[in-house]
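What follows is a structure written as structure tokens; I'll ask about it next.
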Amino acid sequence: MKRYFLEVSVALALGAVLLALAVFAPAFYQPQPLLSLAAREAPTLVVACGMALVIICRHIDISLGAQFSVCSVCAGLLAAMHWPLVFVLPASILLGAIFGAINGALVAGLGLPSIVVTLATMATWRESLRWWREGVWVDLPDGLQWFGLSQFAGQWTLILVALTLLAALALAMRHLAAGRFIYAVGSDTEAARLAGIRPQRVTFGVFVLAGAMAGLAAMMNVIQSPQVDPNSGTGLELKTIAAVVVGGVAISGGRGNLWGAFAGLLLLACVGPALTHLHVEPYWDKAIQGAVILLAVVADGLRRRQKTL
Amino acid sequence: MNIYLLSLTAAGLMIITGCGNNTGPGQPGGVAKKTTIAFLPKSKGNAYFISCKKGADRAARELGVELIFDGPTDPDPARQNEIVENWITLGVDAIAAACENKEGISTALRKARAKGIKVVTYDADALPDARDFFVNQATPEGIGYALMDEAARLCHNEGEFAVIIGSLTAANQIEWRKYVEERRAAQYPNMKMAAVRPCDDLKDKAQSEATTLLSAYPNLKLFLSTTSLGVPSAAEAVKQAGKAGQVKVVGLGLPSENRRYVKEGITDSVILWKTEDLGSLAVRAASAVVSGALKPGDKTFKAGSLGEFQIEGDNIILGKPFIFNKDNIDQFDF
Amino acid sequence: MTFQGGFLGLSVKRETSMSPLLRLDSVTKSFGAVRALKGVSFDLRPGEVHALVGENGAGKSTLIKIITGAHPPDSGAIEIAGAPVRHLNPAAARQLGIACIYQQPALFADLTVAEAIALRLEPPGGLRRVIWSERHARAVQLLSQIGARISPDTEVSQLSAPEQQLVEITCALGGGARILILDEPTASLTRKEAELLFALVRHLRSTGVGIIYISHRLEEIFTLADRVTVLRDGVSLGTRTAGELDETALIKLMIGRDVSQLYPPAEGEPGETALSLRDVGCAAGGVHHVSLDIRAGEILGLAGLVGAGRTELARALFGITPADSGEVRRSGERVDIQSPQQAIACGIAYVPEDRRRHGVILEMPIAANITLAAHSRLFPAAWLRLGVEQSVACEMMRNLDVRASGPDAPARSLSGGNQQKVALARWLATQPKVLILDEPTQGVDVGAKSEIHRILRRLAGAGMAVVMISSDLPEILGMSDRIAVMRGGTIAAMLPGRASAHEVMAAALGQPATGL
Amino acid sequence: MRHESFLLLMLIAEWLLFAAVGRNFTTLDNTFDIIRHSGEIGLLALALTAVILTGGIDLSVGSLLGLCAILFGKLWRDASLPIWLAMTCTLGAGALAGGFNAALITGLRLPPLIVTLGAFSLFRGLAEAITRGMDTFTNFPPTFLRLGQERWLGLPAQAPILILFATGIWLLVHRTTFGRSFRAIGFSPEGARYAGIPVGRRVTMVYVLAGLTAAMSAILYTARLGQAKADAGTGYELLAITAVVLGGTSIFGGTGSVHGTLLGVAALAVLNNGLVHARQPREVAGLLTGLLLLLALAGPVLLKKLAERRGRWHSPAPAIQNNETA
């Protein structure tokens, strides 16, 4: 219980927000809009899971947003070329995995600092995309939206995909040796090596996984509307990092879990709509988002301080 | 330590080469004598300006001038100045600029004029003394009023509506929003601007915002978007909320992006001028100013294939904003 | 003793019957230009404790790294249980029953004890289910096996150094190690724990495990080891049975010369009180009611078990965890030390225990390291006078005989002993009146050890008040003019310098002197 | 080869390339433009060098620039303070904001990355809240605009400011005990503490310096554009960090140099400017920045690896050691 202080406190904060909404803006709880809202956040959740893994492994990947954009556009173009969905989806995931592999090779293989590597790859991917596409939207064939399902089914599929992925990863991180290896490497690379774990492999794998999930998320986003905006995914990296950290994953690696990251994301994702529902003027958004992030980490800081004293 | 040696050589190099004085715009250093026109959008990667560029390119081909198209990729108001200043030293003959922020860029444009570079503004004007001509597609009033009138018509002059803007801080967004509100207050007191939400020029965010607004304001009757990507996003949101028909969508937008929604009857009308003509006219005007074919005081301007345009003062009038709807949208492919 | 003899007989029988557990045949290893091992041969029989001794830099750790598969040898053969092995990597070594316990425990600070153990013992494959109940049960059973009272659910970061050591050993045992390497295992253990460890080692030996034992504490080697192999400059000087050797002979072998005396005699008379404590306490450090007078020109030995509050007292005096009760007087006038800066200002210096983390900054040049604490004295205007820095550094290096390529070499490139000298030099550069040293010779080879002792003596002779915290009993007895023994966070006894080991231990353990 | 020399060569190469392909690249005016345009980023990068040397990072400088620009405008226009007073107050505010970051980082031992990430949204948000997003401050007195647009004795106004500031920071980092303690903290905060270095105060110092610099850049920015708006300085933090890292400062702290950072800034500025003169679109600049950064990072490591491979191609050890040391 003590170890999960931050997760719990975030969950409480989330509860508070939801309660406030229930009292002041019950309209928030109409099923259909809520469903849409959830569906729109589903891709973010998938990316956040990937980010959480990377951070638990004591690294960071700020190129995920750019990867997301490139995957979206490429997926869109393939679909526009009338590739069937069964090929487009894997293609998008594969592309993401390749981007991840490039990061992984540079970080794990050459031992370069992940933040700088991904800063560089972010610029590279993002700008290449802009150069190539000049921001033109991609028009998708009608069959693609909602995987060709009804909207209702489609949205539920997205949410379920995201949640199953979350649950699967969360369980894997707890009950699969590979998951524990990530914690081990994030906690102490040298010790991990002495324990017979191969830190480079683990790190590489984590980056590839994160990339692949960005690819999947891109696809999950693409199918929600008939057009693809090449700028989609801008700022996604910061949003997910914030969510993950607010959710109690230590930026120094080895600590935290995906459920926390989930709570963190929910909190940040709810603040935006909550403000709209509570009729708060839009120019307060960023300030409040920032305040929420700071409050969460400060709370954690205060607690750790009490523990040390 | 070799680094000192290196730095010396470097410094020397830069000073030596640096002292070469600027080859003026008249005779561009080295390259073939050919008028160069620089074409500056508010931001790249924005459907609106891409379609302007199309027109500009066509005009450049027809006139046989060299066109440089460049602009900020990321929302940084300082970039436009830097680009203009770089063009000054690069030595272009004319600059056609869409101004993100009046005062900011005017300082740079004045400098350009001082260097003998002709300046034509389009889409959004700079301060009058900072340019020779302004290609006036429609004044902010014109746009704001037109949008509001259209909105009022669709709502029969009463009810709540929400505004989706590109970003809180973009100058044109602020102006348009201002005139929309002005018009509403003056003409349509029974209509209520329920909320204004920025979408940071991201389609996904626009769609999310619209979705939220729909649930937050149950008796919302209409979305008004002052950003081109806001219209289809709002339309998609309305469609997904199953409120097609109850909630209408109007705004600035390109036919191409909105065709499907207009046909589905979700978006009633998008307002825009012929963006390609705008780009084309801006380039033609710029080159005409350079060649001297267009001088202050002219009353009309013959723009080749585009035909003839009226000039009021130093404003070349492109014509009123155009309203696209079910009936006419298929005639346009931009 | 009889048991010992009988046991040796036993082991002799065994070794006729069995081939060696491990044989290295003329192994060489170079790092860049440095040749760390030059054709070292070494063998380990089942059921023996084989001590590996030599100065730092003699090649011990390299040899270990080769045995554990951390480094591949450049040439030479490795044979385990009679079978030649090539491409040894940590995982493979572990499979072959090789386990090593390093000086710095390599555990996972953020994970629980149970998991830290499990990660070492479970098979390497990534795609298998983790059964936490099993992990937990295994941890409980193994920990109890060595009588360690540690809950498997505590986070490793919450454990003390000795506790982490015990967890390490637990891992090794659990791994069913046939070849156990103990690298300075007692460095951070209390006497009790050490005794426990020795018992363990003997027990393991009796079960036929081969143990490679590395320690700078020679007395341990003579109590434990069956055979001793001496390394010097990457060359093996041959293997002898422990019986053949005595301490002086062994030292001579190790450093290739006579250490005239490990403990130089006191010179001169102690002066007036430099630092006096009255009922000093520090709740955070668990230190209370410490009253003590430290006189200029004397070496005060601060003895006691690990956890008796010696380091905590030092940290309180130095302002890292400031004292919160009692009063401290520096040569008469009262001082209130809230931060290391203030401590430095009133002439107190503290050479910390953990050399690599606190003593020196490994990546920084030696010169920078030496002047780091003396900024306010050397560069009062906050302006670095690099000339001054160089000269100060060079002088210090000369005085303390720091062996390095130059003052600009990074501290990392130095051997443990020389790093320790740099850590000392840093504090001498502040020209302190009171010098507190925490385990000054821990993990330092015999040669450097005697040098450090001579330096301390010299400083005391020059009128500095020296406080020496040490768990190395002979060192305490040999160096101290007076011995303060701490127990339970306070001074248990003040003994004269010529006190006997029994008296000190008795005081430390809180038993009447006859109790041992 | 030292990283700085490598960078310098790269810079010269760029210069020669653009001199060859770019039109009017090698003119005095252009050289001045390069300087004028790298004013704000340059200042921020210099301040961030100190921050990163201590093993920290500050993502909030860009947003803080925006906030300070707004405050400056408000103080001058709405509080109608004299321009110089407005400037001093702005600087004070910047320092205060830096102190805010520092307080959270040192006081509560929170990771700088996260604290400044929060501040990144907070400061920008405040700027937008104060101006309600729309308010724009213009018509500053020409005497003030000189600061950003005119030339002083032939040089653009940014030049003397940059030079002075760079010299100041260089001396601070390379020639004072402060700089020495920054490095010590960057290498090992605990070690520094045991060496009697007032870690908290030093860390506070660098973040306050960063805040102060953000305020300075805000003023410079306002003077250059002649207007202040809530979106000023968007994305500058990443540009500045890129410059610092390109300049050879380790993101883990400890190692790095101010002249390296200057070279990094120059390399990026020349790239951005030169590509316009070579009539390449902006995107190429961003793209090349990324690649340049990768090259500067991976190049040395790769060479080292290759050398080791040639030495002992069969051994995995060097790779692993690389991993630990990096």
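Letters A, B, C and D name the chains as they come in the text, with residue numbers starting at 1 for each one.
By definition in this document, a residue touches a chain if its C-beta (ideal position, glycine included) is under 8 Å from a C-beta of that chain, and two chains touch if they have at least 3 such contacts.
None of these values were measured; they are calculated from a predicted model.
With centres defined by CA atoms alone, the chain at the far end from chain D is C. Taking A-C and A-D together, the chain pair joined by more C-beta contacts is A-D.
Distance between chain centres (mean CA atoms), chain A to chain C: 46 Å. Chain centres here are Cα means. That of chain B falls 72 Å from that of chain C. Averaged C-alpha coordinates put the centre of chain A at 28 Å from the centre of chain D. Inter-chain centre distance (chain B to chain D, centres taken as mean C-alpha positions): 32 Å. Those residues of chain B in touch with two or more other chains are numbered 44, 73, 168, 198. Residues of chain A in contact with at least two other chains: 127, 130, 190, 193, 282-283. Chain contacts: chain C has residues 70 touching two or more partner chains.
Pairs of chains meeting the touch criterion are A-B, A-C, A-D, B-D, C-D.
By the touch criterion given at the top, residues 25, 27-28, 30, 32-34, 36-37, 40, 127, 130, 133-137, 151, 221, 224-227, 229-232, 234-235, 272-273, 276-277, 279, 282-283 of chain A touch chain B in their complex.
Remark: chain C residues 32, 70-72, 74, 89, 320, 339-341, 343-344, 350, 352, 357-364, 368, 372-373, 375, 379, 382-384, 426, 430 touch chain D in the complex. Chain contact summary for the complex, chain D toward chain A: residues 104, 108-111, 113-115, 117-126, 128-129, 131-133, 238, 241-242, 245, 250-252, 281, 283-287, 289-291, 293-294, 297-298, 301-302, 305, 319-320, 322-326.
In the complex of the two chains, the chain D residues touching chain B come out as 2, 4-5, 8-9, 11-12, 15-16, 19, 22-24, 26-31, 33, 36-37, 40, 128, 131-134, 136, 138-139, 145, 149, 221, 224-227, 229-235, 272-273, 276-277, 279, 281-283, 286. Of all residues in chain B, only 1-3, 6-7, 9-10, 13-14, 17-23, 28-31, 44, 68-79, 81-83, 85-91, 101-104, 106-107, 167-171, 174, 177-178, 198 touch chain D in the complex they form.
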